[in-house]
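Pasting the structures here.
In the two complexes below, subunit A is the common chain; its partner is subunit B in one and subunit C in the other.
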Partner chain A sequence: MASPESAVNGPTMTAGAASKSLRNAFGGVIAFIILVLIGVLAFSIRLFSVIKYESVIHEFDPYFNYRVTQFLSKNGIYDFWNWFDDRTWYPLGRVIGGTVYPGLTLTAGTIWKVVNSLNIPLSVETVCVFTAPIFSAFASWAAYLLTKEVKGPGAGLTAAALLAMVPSYISRSVAGSYDNEAVAIFALVFTFYLYIKTLNTGSLFYATLNALAYFYMVCSWGGYTFIINLIPMHVLLCIVTGRYSSRLYIAYAPLVVLGTLLASLVPVVGFNAVLTSEHFASFLVFIIIHVVALAYYIKGILSPKMFKVAVTLVVSVGLAVCCAVIAILIAVVASSPTKGWSGRSLTLLDPTYASKYIPIIASVSEHQPPTWPSYFMDINVLAFLVPAGIIACFMPLTDSSSFVILYIVTSVYFSGVMVRLMLVLAPAACILSGIALSEAFNVLTRSIKFQLPGIAGNPSIAVRMWRIMSTSKENGSSTVVAPNDIPKTEEAAKEKPAKKNRKKEKENVEKKPTPSKTEKRLLVLPLEASVIAVLLLVLLGAFYVVHCVWAAAEAYSAPSIVLTSHSNDGGLHVFDDFREAYSWLSHNTDVDDKVASWWDYGYQTTAMANRTVLVDNNTWNNTHIATVGTAMSSPEKQAWEIFHSLDVKYVLVVFGGVVGYPSDDINKFLWMVRIGGGVFPHIKEPDYLRDGQYRIDAQATPTMLNCLMYKLSYFRFVETDGKGFDRVRRTEIGKKHFKLTHFEEVFTTHHWMVRIYKLKPQRNRIRGKTKKSKSSRSVSSKRDVRGKRNPWH
Partner chain B sequence: MSISPNLSHFLSFFFLLLLLTIAAADESDLVADLLSLQSHSKSGVIHLHDHSISRFLTSTKPPRPYSLLVFFDAKHLHDNSELRLQDLHREFSLLSSSFITNNPNNGKLFLCDIEFKESQSTFSLFGVSSLPHIRLIGPDVKNPKDSEQMNQGDSSRLAESMAEFVQSRTQISVGPIHRPPFMSKTQLGFLIAFFLCWTPYFVKKVIAGETVFHDPKVWLAGSVFIYFFSVSGAMHNIIRKMPMFMVDRNDPSKLVFFYQGSGMQLGAEGFAVGFLYTVVGLLLAVMTHGLVKVKNVTAQRVIMISSILVCFWAVSKVVYLDNWKTGYGIHTFWPRSWS
Partner chain C sequence: MGRSSTVKETQALFQSLRSAYAATPNNLKIIDVFVGFAVLTAIIQVVYMAVVGSFPFNSFLSGVLSCIGTAVLAVCLRIQVNKDNKEFKDVAPERAFADFILCNLVLHLVIMNFMG
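For the complex of A and B:
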């Protein structure tokens, strides 16, 4: 008993304090280095797309963001704010400044400006490509800060390392994936960190920062409603479970007031910040917290007897006010048709809502409910660790740990409804897994360290030596801590209230008499089992790393604008047809020419070819999309008329039949028919189907074989192989030899993936021929032509 | 002599009249019979079979004074959740009862149902080969196969859309659908009374901090359960209405619990994997927070080794199942010189 005790109390207090501060500094430096490395890891794991392909913007929406950033960097913030874009949705145009979340654009624009003012000549595109990886590093650091507030720096470091490479987040933030989510996840985690920080310190400084971080989140992503509902839920939970404190008030009230004011400054949110139901929860809780605060205040200044009298008064008045406000809220909510909730929010509350009422939302693939393999793919082994993290947060339950629990529970439920929200779950899963891993390593390494023969002498006595407080807010770095440094772990075990209190507590801890500990046991597990468990946990972590690297390299790095395929002999074949076509457009057409294509390619056409399009991926006007769909599904002549009436010069179709690229326009064609038929009833889906089957071979319906999309896709197709065998549909096409009357082929890319056609000009009027003069008269007024015979023949 | 042609004319006219009146009487009889059948049924849906079909439909001559809206039912397919026959039949009965309340003693339209096992010949008469199937037999329809089928794709399978269909084809107005209220008034009253009585008690408890909600263990169990529920993909099962298991198509005596292909999962499969996901974390928490407090070292050792084994098994099982289901070949990236 004596020898271990002397090992504990051996060093004198002064020597202990000195070595402790040295050790603290040392730990701080190591933690800093680890954090830098985590940032490097987060950044570099997202570079697979650049290494495997090149530094290029990905997919569709990022091209729009890129174009907006280009505009911002060229014209400045005020022009951006007032930007009316006439290059899209011709002839309607689109108000860009008021309809986008500007956070991402402003961020990248600022980075570009700073970098250029430092005389580092980066192009806007380079900055855009690398914005997402940079912000992933920031997000990891934010996760460190948040977890550190909850369970100490050890858990924080683990969580940050996990978040740096969680596949779910990688999928949205690889280099080139220049989309809102890339910066929004950082903003989300950082806002939560500042909330927790304010809750722990009660400092108005952090409360103000919190409102600013919330403002950044509102600027960045529509998902900010998650914050403004989660924080009120947590506040309400604290109040109901009797955890109200002035720190809670300071953390919440400024956020609502400042946050709402700031949020309404963002044009796309505007008055929605006070008018839609997504925000009402925060106002309701705002009222409740004031009532509760008043009650606590009165309780403080009155004697218990007086308080009882006052309570009746306050409760009745408060209830009356609450009832009135609730009644007003209900009236406002009930007066709107969707009860004030947007369709997507309602889908989260009632998962079957979308499938019943909003097919558009239900049809989008990222709005599908995930199956269990999605969790394994996206958060991998974290799915195993999270329950342990939840339990760790309950022991003990603090304000901050209850927030993390609430965060994981809500986000895991939401992710169960929509696979897209896995992205919100990922940080929560990382934080809780970090806590779980850190706690587990803490116990296991402690068990190994204090039971290793030769270090603490007789292990059975060591077991009876001391006990680490069960409230261990451990830093998990017990491997660094020498066995004689007990007061440090003790101190770390304390919760962290306000700074001033902390100092006092430190003194208390240091002066705390140690004899009480001698009665307690060291909480350890058997040595050999602990060794096995540590090894297995390390193995689990290694598996996670392997999975994440694989996911980053293989699953989530394809830019979809450049395609590759592996040939049988291991060679790599690159299909760069899209950029080939867009650069052809920008070099060979007039700058004001209008290009018609299906809406998927709208953003890319405006961004890369800089040509005006009719419809794009911001599908705000269904009629306009239906017009294009109708044109694509009509015979050549009617299509020509529709396009001509819209001043279209070129038509762009994507065709995969030669190389076997499945997501081409022929495969999307039924959607064009459906959407077109939804507005123009003369387009009927059954006309394009043979016995309910969609086919393009000899069995296809005449309507299908004569529609514009078929003709533009398969024009001269038979010349490629002599048979006209479509490699996507795996069949020979139905109509092989035909000529175009109203369109002429002007460009087809290397692999035939993009084909561009020009509308033939109207025929000249030929005098003296009675046959033609009749028709040429009808040409003069376009409307008359419809339904009559073709005027050009 | 001159009378005889008149007489014959008269006679023929008389017979014609007689025939007509008989027919008219017959028709009014049929309507009366249908009305009485209707009044016997609770919802007003007349249950037909082969014999009554021939009486009311095939042996009558068009134009009939009434239209029939026939619901083709099959009891043995009621279990099949995809067809939703019972839901549809409930809506159909609702349409019928609403029609009768809105138009009492209307002899123009009758809603009927036919069961497959009882009246197979009628099914073949109408050429019905797939369910759900609702057919409107107008007054002028001669051949039953000419009658019009209600388009399943268009109608969202609710009584309202059925009413619109009837209205557009027969010009008979059905009127508003009377859905039974979710809860009867007395039930609602009891509930409100109970709620009122319970509220002060609850408020007192909340202030005293004695409810189950003040027990962290309840919250702990709740959060772990929600986690388990979500990662098992139960939302997917609810939204897609997936069954717990399927019968193997190749071998009907076998049951399929695990579906290969990542886009879909079965109920039992999800819960099994969700359990595996959760149990590892729970055991880890037990080791770190519970087991350390146990004094008996042997017990510690036994529990720890066994939970390590369970965890190892669970993780490897999930990894194996994931590879099997999705077919992804997850591999490492070693430097080329190493291999």
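For the complex of A and C:
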């Protein structure tokens, strides 16, 4: 039986091996070309904003990063590391070197330096604008590598293609969105890839690279705590499900030690890497894995009877020690008021925490929970491919596929808490959908290949297929497919009998004893169903691509510093008011003048207008923001006094009533009242609401109609249309004709969107106040009386 | 009665542990001694910190973590060099040692930077 088999096997095997290696090489070249194309796709789909508007930095946070990168490129890295910024948070200042995540700025600065040293004259702004698309291409390649480790190259290519286009990732990495996530998502996926690679190969070299990639992630984004909690969770899961192996130890233990050290190197994190609760999980699992490793080692060198004795001894002694240690740990952690977690992390665990205790975190729109339609908008088709991917990961369940399942489950939970974290869900969804699509295509194309009639030499192909699959089952003997089976397949060329024969042959094969390996039942579907299914899957992919391109072009490419609208005859009307106001500020005021505005505009004011501001988007000092909020909610005189005590010269207000811009300061006013009222109790929110409703028309409360924000927004507003109709609130305003006593208007932009006011200087003499007091009351005592009431003197 | 049997059992346990451990090859025993030395150094540093106080904290952290780091890396080397481990039989011991050296280099570079 064996010799004719081997004689037949011989020439076909060598020819098969040669053609197999040729096919492998060809496949490798095609995979490489596909990866390059995926990178080009990821880069170019993010360029819509550059084409539609201009190459400009978007939003608010990227302006701060841009200013820091400018400083770095001008002054070098040592000055950047030790930079104390006195042009923001006046009069407190901000230590930039110690409070910024340096990864993004260092990356862009390095790229700028390298490119300029090669004599390619790119400006810092160009490098900043295009950093995000470049790193999204890198992130797609990292997703390919990660999924290849989990399932195989086909799944890897699909996952990379999906990640290149997924709208959730595009929204935070368009050209111009120069924010931490642009680089951090690449670092996240790359760190996970290196972890899985170390887990699969057990090589210490990859463990070192893993620690270095984790270091890059810590440098880039505050979301690194996700990694340092997910990996310990996965290690614990592997231990509990009995998948402990020495590769797991090599993958985890060096990462903890090296990773903690590297994380402490970054000034923002510093000693938080060992002191805050966010990192305790990694230390706990570090201890657990050492205990487990020791247990397995002792089990290996002892006989089973002795091992039982050892276990009883250790359990009785160790349990008492463990309880004591855990009790001490709980006491230490519970004695701190927030139990050692930072405010944002607590919001993740208890979604209602922020609204109760920290209004600033609750007021940011990115920190709200997402709505259901936003899932479909942001990950589209992947939303229902993910469950199929989870099932595909269970067949078979390996260490790496269990990691991917854990990743998707945790990221789905966190994305349900904060909209901003949909970004962490996107790579997981792409990986699982790539696995699902790849497995589906495998089954369908295999069914088509087996049942396609009329291909020359079909039976020999079938025999070769069976041989390859049977050797892959490690049966060892080559008597799996007997020669007398070949005529059977030749006879039954029809579909259904052919299917039955193959099933019979499968059962013949499986009767050979293979106790250790589970037999891989190869699924074969009917031919027409497979063809239609392949076509439908391709159509699904087409819908996904169309949606992604639409989302990138229409929804996520707005720079939000330049607004556009289409007029009735199809023309484009551009609202460039913000930049108009900032350039007015930079040309018409002194360099040392202080500008007060709500914290949203702080970064843009320092970056574009180059003026000192009181508060900006970093929002690290709640009391200072509450001071500004109180000033905006107070009547003119009190507001003047607050601003005067802070040396403010100009006040900037954003107003959208003339053009219908909905994100103006009047719409944000309630947050100013809430935050101000949280620190200064004389500001009470019900004073500004009529019947619990927020209004600015004739029914508004007098406190509302007299506050600084109302006056600065609606000063001279009746002159625009005669009636004072506010397009955003859709009513006529309450108080239409009034004068400003302590402020004077210096600039209003073209569409009335930004209005700048100057503080009037203090009067030299008091008129009309000394009439009543004839004798002893002097001017200075009057000022003292005034000073006692005001908490800022 | 039960007590003396447990005492006898523990004695038999330690006896079998000692005999099983004596059978390990010499190169693994050298690595084990090195691991023990590193852990002992870490414990000494922690005791010293408890006596003297933890300022400057970064020096204490870098000292303790360098000891624990070398211990962990030595254990990884032992895992890879151990001939009884079937998962690593195609990894040459020279390759394992080179990885060990590389990882130690990175670790000590970070330590020297962090020590202050």
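Here, the second predicted complex is superposed on the first by the 625 of 793 C-alpha atoms of A that agree within 3 Å, B and C clash if a C-alpha of one lies under 4 Å from a C-alpha of the other, contacts with A are read in each partner's own complex, and residues count from 1 in each chain.
Criterion: a residue touches a chain if its C-beta (ideal position, glycine included) is under 8 Å from a C-beta of that chain, and two chains touch if they have at least 3 such contacts.
None of these values were measured; they are calculated from a predicted model.
Applying the stated contact rule after C-alpha superposition, one finds that A:534 touches neither subunit B nor subunit C. When the shared chain is aligned, no partner comes close enough to touch A:325: not subunit B, not subunit C. Judged by the touch definition given at the top, the superposed model places A:306 against subunit C, while subunit B stays out of reach. When both complexes are overlaid on chain A, the residue A:56 reaches neither subunit B nor subunit C.
After overlaying the two complexes on the shared chain, residue contacts for A:253 are found with subunit C alone; subunit B is out of touch.
When subunit A is checked against subunit B and against subunit C, the one touching more of its residues turns out to be B.
Once the two complexes are overlaid on the shared chain, A:558 sits clear of subunit B and of subunit C alike.
Shared contact residues of subunit A, touching subunit B in one structure and subunit C in the other, are absent. For subunit A in complex with subunit C, the residues that touch the partner chain are 202-205, 207-208, 211-212, 245-247, 249-250, 253-254, 257-258, 260-262, 264-265, 271, 274, 293, 298, 300-303, 306, 309-310, 313. Across the interface of their complex, subunit B is touched by residues 240-242, 351-352, 355, 368-377, 381, 383-392, 394-395, 397, 405, 408-409, 412-413, 415-417, 436, 439-440, 442-443, 447, 521, 523-526, 528-530, 532-533, 536, 540, 543, 546-547, 549-550, 553, 555 of subunit A. The part of subunit C that touches subunit A in the complex is made up of residues 9-10, 12-13, 16-17, 20-21, 23-24, 57-58, 61-62, 65, 68-69, 72-73, 75-77, 79-80, 84-85, 87-88, 91, 96, 99-100, 102-103, 106-107, 110-111, 113-114. Those residues of subunit B whose C-beta lies close enough to touch subunit A in the complex are 206, 209, 213-214, 216, 219-220, 222-224, 226-236, 238-240, 262-265, 269-270, 273-274, 277-278, 280-282, 284-285, 287-289, 291-293, 295, 297, 300-301, 304-305, 308, 311-312, 314-315, 318-319, 322, 325-326, 328, 330-333.
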